[in-house]
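Okay, so chain A shows up in both of these, paired with chain B first and chain C after.
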Partner chain A sequence: MTDRLDGPQTSRGDDDDVVARGGSPGPDATHETSETTETAARKAAAFGSSGNLGPSPKVAIYFLLPAFILLGAWVVYPIVYSIIRSLYDANGGTFVGLENYGAIFSDSGTLTTIRNNLIWVVVAPSLVTVLGLIFAVLTERIRWATAFKLVVFMPMAVSLLASGVIFRLVYEQDPDKGLANAVITSVHDVFAASSGYPGARPRENDQAPALVDKGAVVTRQPVQAGQQVLIPLVGMKPEALPSDAAAARSAPATPGGLSGTVWLDFTPGGGTVNQMDGNEKGLPEITVEAVSGGAVKATTTTAADGTFHFAGLPAGTYQVRLPQSNFTQPFGGVTWLGPALITPAIIGAFIWVWAGFAMVLIAAGLSAIPRDALEAARIDGATEWQVFRRITIPLLSPVLLVVLVTMIINTLKVFDLVFVIAPGSVQPNANVIALEMWRVSFGGGGNQGLGSALAIFLLVLVLPFMAINIRRFRREQA
Partner chain B sequence: MRAKTTVVVAGLMLAAAACGGQSNETTPSASGSASAPAAKSLAGTTIEIAAKWTGDEQKSFQKVLTAFEEKTGAKVTYASTGEDTGAYLGPRIQGGNPPDVAVLPQPGLVQQYADQKALKPLSTEVQTQIDTNYTPYWKSLGSAGGQVYGVLVKAAHKSLIWYRAPAFDDAGTQPATTWDELIGKTAQTLADSGTAPFALCGASGWTLTDLFENVYLSTAGPDNYDKLSKHEIPWTDASVTTALEKLGQIFGKKEFMLGGSSGALQTDFPTCATQVYGQKKAAMVIEADFVASSAVQSGAKVGEDAKIMPFPKAGDTAPVVLGGDVAVAMKDSKGAMALLEYLASAEGGSIWAKNPGYLSPNRNVSPDNYPDPLTKQLAQTIISAGESVRYDMSDLAPSAFGGTDGKGEWKALQDFLRNPKDIKGIQEKLESDAAKAWKK
Partner chain C sequence: MTTLTASQPGTTGSAGGVQRGIASRVLDKVGGGLVQVILIVLALFWLLPTLGLLVVSLRGDTDNNSSGWWTFFTKPAQLTFDNYSNLLASGFTSSFWNTVAITVPATILVIGIAAMAGYAFAWIEFPGRDGLFLVVIALLVVPIQIALIPIAKMYGFLGIFGSIPGVVLFHVAFGLPFAIFLLRNFFVGIPKELLEAARMDGAAEWKIFATVVFPLAKPAVASLGIFQFLWVWNDLLVALVYADTDAQPMTKALQSQMRQFGTNVDILAPGAFLSLIIPLVLFFSFQRYFVQGLLAGSVK
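Right, the complex of A and B next:
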């Protein structure tokens, strides 16, 4: 700014300026002001009053003062105070040195937040940038580019908190509520229909004639050919039975064969356990196996009244088994909000919000690329991919870098999406530094010393990227 | 016309404010006299009371205030603190302009404000009322450093199991009176009938601490409960093991919980109430009296299909765990003490009880005052539990341990729900977190 105000300058003055600035890449307000005064004074001395076209140093200070005060009150003072506060304990009364910083790296919960932040920084900004680039390049070629851009950019108009609420619903486990699982389960069900009796199981007591063994239902006692086998099951609603299910009845005894009944042994308000009470229904279409010596000797399925019958079975003892395939649970979709997938799920929401922003920035950069370079490459016989890879991307790289660095800073301070999307029980797994900082200092933790330490830690993480950004702006202006 | 009315109203308000200022100056001299507030003795006094209640709760409370005004002639203004009482009171205390009386949502705040010297000790008249109407436990809960500062004026009943009567009818089962009956018979029968017995709200950690507190109070008894509340016995104590084992009887059985433990951990409050009464997927939800509003929103009728059973006995004690609000005096004025005396009395409590949305911890407020049979039933459990009624333990703990999402007790119990086999590991985690929180 001073350069422009001062107008024509000697090359010596210019050089000094650059050196002074190169030495201090950070937004150091104090330095900047003193530097301004200094250079201005020096120039005034060099040129005399006639050579100085800019305002006097006094006026410059007056003009800078408001900005200086605001910066001091809202940026410098809070940072300095946070540093001081981070050296004190929860009550702010006792000086504890670097103990709070030690706590950050010794608590496993906080280490998880650092790990999560790392995942965020590695994954989210690059995905957003790549997606933004793809969208931007593609929209260059389509007819309804503006409409498409509008749609992709739309999520930016929604606050992050609201996006969080939306995605909490999208990721809901119940396919009736959660969009993601609704899509996945309906696709899944097209290829693999669910089996008949999820949840059905024998009663859990020593009197029950059947028990669960490795997911299959087996008879407790070995049975002889010619015997009647009763397999009472519970744990299902009668309404969930197929409509053709008939009242259960004992299978007619056949000499030499093995027969029995599989039925739903539950009558509201009691009924006799392990007996068919007349209105209890049989379970049709259940696969039944007769097992002997670990090998399946015969297989059959039950009739509408739940009866089954193995004919012509050699004499001997058998175990009757209803294999697990009868009872597989319906596919319930993916547990997005569980501990394993929570961070990827939230990153998904983040990409949804920011991809449009990246696209718009990159599209702007794209339109500024000199067309003749692209044309020249094409005339020289480059394929479209080569043009994209060798010409477009290098020319776009300043814009891509801006997007990437902005996104890195955004992901480092991500807060609201995690806070809203992760249910309370998985928040420790999804936690990030900014959220932990808030929780420790205000959201119940009540330890603003540790909170300040976390804030400073976050600041230290963000600083290099800020520096990169500022340096780059400088270079562009030069 | 409208403009004129506004001016008149504004004028009245100014007059009232002026009166208030005046009376505040005169009260300190008056408070020296030891005489009990007689009828109309407070004419001209203005008292400000701050509480978090809004809507119907506020309406019910204002009826009590009106009765107090009619009795004493004082003028009481109500200020709503919003959800975060601490955030409202903090600046007013620092600014030297606190309300005369404040209603704190947690007894822990009594200690905190007493440390800040923001509270005034209760007068002997108020203490007499507390002695007649409350058990010594409540008196100690409202005390800090040997001084009595607060009185529990409104209770939330946390020892309840809400159930869906049609689900019980379909399964042919009855409410249980003991824990073993609940697990072995009621829940098992429901599971056999194809309905998930419990909808747990595992994503809201406080619902799990409430469940634990009930089981612990019942199995370990009130004395151990008090010790554990103050962290005088460690969380690795055998009594905690017993209580966790009981919880494991639910947590360890996936057919007992809607969606298994993974489903329970993704369900927050009040979604679990909706699962029982709206989606009709489960039969019981274990939470406090305020489930009623969620049940009504889901279209259930309280008392018909939405019914309650007292939390069954898991040990020797029938557990009654209360949450609730503590009224404290922030100015040592005659009006403030008179209002607190009235709120602590059976008289004030009875008027309050006749209005909806209120449950009194006062043992001399007759259950017959309550407008609906459900609240009457709740009040009876409080009175019959007598000396063994306890306050919500997690609310008595430092909030870093008992009141923060993803930390301390909330997290440990969620981990336990995820992996109910590792009781020892959970106890060690609880103990190390508790040690950290109490050290501060």
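Right, the complex of A and C next:
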């Protein structure tokens, strides 16, 4: 059962997945010994050369014709056409030489797309590969590995459009709607719950002992050491108080010290203004500063009953200040879909889609590693990490390379996720070559000369990987 | 612990573990527990976004605008099929059938055409065979962007721009390199005795292909079929360029609603979910058959 996902991966079936397949450890390599692989290969090669029984070569034409018509007309001819078309202007009427290519490298819009593609190529493939490796290793020893693999692998079956819709929902700004921000704000609140008294403020009248100054709450009168400070606040509901808030009490005055109380000066249905009535609660965990001459001389926080205490302040007059950080609005989450984070956000979705592919390929590679080699190293006293680093990784490196190369080609061609996830207004910031090619040629750009040049540019970028594929195939056949 | 290992040989488990000292076993337990926790968290990372799509698609607009989808855990009563019935009433079904009408022929044609070519590459000797196969491998990575403009011109000339056949043919052509590659590699592994026997009997080449080789290739055809099916079913770009409104598949129909994402969630969420049900069902049900075929050592 655990082998269900251990075979050579399924995948989106995008033609570029084949790169992986080209050098991937097929089932022969993974599930049989290398000896049988060799025999099979030799057998195949032997047959290829012993053709005395075979049909005449002419028969091949009938078998190949449909495929070659389609490949010729739909793939090969367009390459030639695009090369020529890229040398003409938007309408195709005037020969402009390499002007379109010049435009790619001088226009700030297309330069952004190249920069974004570069980020994609550098970041996404390595993250996907590393994550796939971690998943493959972690799932090696658990019982529910198959379930885990199915879950992580599932996005491969989902269209990139649907993945895009899924992540538009995940990345919603409002923490009450978007899952990512909901998680982040709740984690944030666990660690920074103390700063949460949004809306709390002093009463706005001349009798109130405190007032608002530049967002902070400060005492109206200067205070001196030994004095007691009262800072009554209103503007929040008693229910919103932290559960550990205790009934407010006046802080005992100490000689040379400065103490006071911050409390919620509100009793439903009554209560005396500016006085701590019996049921009124102190505000715990408020940051309090003693300010003199514009500089903060000491900082403390309030206790559960709202009291605070500065010890050993130098003599002089002070202003007690509750800085603005006590009253800021709660953390609203991250703007995932804004110009700054849009590319990392989309790369996150890409990783979500492709990590399963990497995991399954690498897991197949892992299961093909001979156990004896690992055990021998362990018996020789190697630690698990050494075994992993010096034996597993080197033996896996062909698979890792295949995953990496497949992902690089995928990131060079990335289109759907960017198109779907980036909101229209942010799309210029998230733009990539494949998307720009479509936009310029069909999406309102109306410049098929530039579009052809971008397509050729994209083709040139994948050429090295074409060469890698061919070389790998020839080596395998040899 | 290594000395213990050495003195108790032959107890290797399936996970490659060897009987070890108590200390290391305790450590394994703790580490194992930690690994389980990490994996559960990771599994949630992979599961929750899709679950979110499903739940959002089952909630009314007001609910979606006022609270997170996860509130359904405590208030399951908010779930409703209204979005789905509205969507199906709005003509989304026609784009569903367009997706089917594009995907099914594109998959069948690729299998048939690639099987023939793969057979020729594997079992018929002809001059330039190896060179031509290298060309096929080279075409594997050609980005489809290269063909968008020229093929649009060609379709305009042929009068099939915007139609389903145009979309299908594009998918077939760009699916072929992978398909030929996969099937040729499978065919090469078929025992030559089978073919030689058939040829000795004087069977025609197409008959050997149709009755001997192709039936043996079921596992490879199944895996190719599911790749191609998913690729075409999930395609957006080709449809965006070549399918007009009457021929548009679900992906394009949904994409056109993305601009007003916020107000169209009641269309996009159920639509996206409907579009992924069939791929998921196929994917999971083919999984077994697919991997069985692989484990039988069939695909080379």
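Going forward, the second predicted complex is superposed on the first by the 273 of 478 C-alpha atoms of A that agree within 3 Å, B and C clash if a C-alpha of one lies under 4 Å from a C-alpha of the other, contacts with A are read in each partner's own complex, and residues count from 1 in each chain.
Following the convention adopted for this analysis, contacts are C-beta pairs under 8 Å (C-beta built on N, C-alpha and C of every residue); 3 or more make two chains touch, one makes a residue touch a chain.
Owing to the predicted nature of the structure, the values given are computational and were not obtained by experimental measurement.
Asker: If you stack the two complexes on chain A, which partner ends up touching A:G424: first (chain B), second (chain C), both, or neither?
Answerer: A:G424 contacts both chain B and chain C.
Asker: Looking at A:I166 after the superposition, I want to know if it touches chain B, chain C, both of them or none. Which is it: first, second, both, neither?
Answerer: second
Asker: Between chain B and chain C, which makes contact with more of the residues in chain A?
Answerer: With both complexes superposed on chain A, more residues of chain A are touched by C.
Asker: Touch test for A:L179: chain B only (first), chain C only (second), both, or neither?
Answerer: second
Asker: So in the superposed three-chain picture, is A:G93 touching just chain B, just chain C, both, or none of them (first/second/both/neither)?
Answerer: A:G93 contacts neither chain B nor chain C.
Asker: A:R203 contacts which: chain B (first), chain C (second), both, neither?
Answerer: Touch partner of A:R203: chain B, not chain C.
Asker: Check the residue A:G294 against both partner chains and state whether it touches chain B (first), chain C (second), both, or neither.
Answerer: neither
Asker: Could you say whether A:G235 touches chain B, chain C, both of them, or neither, answering first, second, both or neither?
Answerer: It touches chain B, and chain C stays clear.
Asker: Looking at A:A60, would you say it contacts chain B, chain C, both, or neither? Reply first, second, both or neither.
Answerer: second
Asker: For chain A, which residues lie in the overlap of the chain B contacts and the chain C contacts?
Answerer: 423-424
Asker: Which residues of chain A touch chain C in their complex?
Answerer: Interface residues on chain A, with respect to chain C: 3-8, 10-19, 21-22, 26-28, 31-32, 40, 43-44, 46-48, 51, 53-55, 57-64, 66-68, 70-71, 73-79, 81-82, 85, 135, 138-142, 147-148, 150-152, 154-162, 164-170, 175-179, 182, 352, 355-356, 371, 374-375, 378-381, 409, 412-413, 415-416, 419-420, 423-424, 434, 437-438, 441-442, 448, 451-452, 454-456, 458-459, 462, 465-466, 469-470, 473-474.
Asker: For a test of understanding, state which residues of chain B touch chain A in their complex under the given definition.
Answerer: Result: residues 169-172, 188, 191-195, 202-205, 255, 259, 262-263, 265-268, 398-400, 403-407, 410-411, 414, 417-418, 440 of chain B touch chain A.
Asker: For the complex, give me every residue of chain C touching chain A.
Answerer: The touching residues are 2, 5-6, 12, 15-18, 32, 35-36, 38-39, 42-43, 45-50, 52-53, 56, 64-70, 113-114, 116-117, 119-120, 123-127, 129, 132, 134, 136-143, 145-154, 169-170, 172-178, 180-182, 185, 188-189, 191-192, 196, 199-200, 205-206, 209, 223, 226-231, 233-237, 240-241, 251, 254-255, 258-259, 261, 265, 268-269, 272-273, 275-276, 279-280, 282-284, 286-288, 290-291, 294-295, 297-300.
Asker: Would you pull the chain A residues touching chain B in the complex into a rising list?
Answerer: 89-91, 109, 172-173, 199, 201, 203-204, 234-238, 240, 266-270, 335, 337-339, 423-428, 431, 439, 443-447
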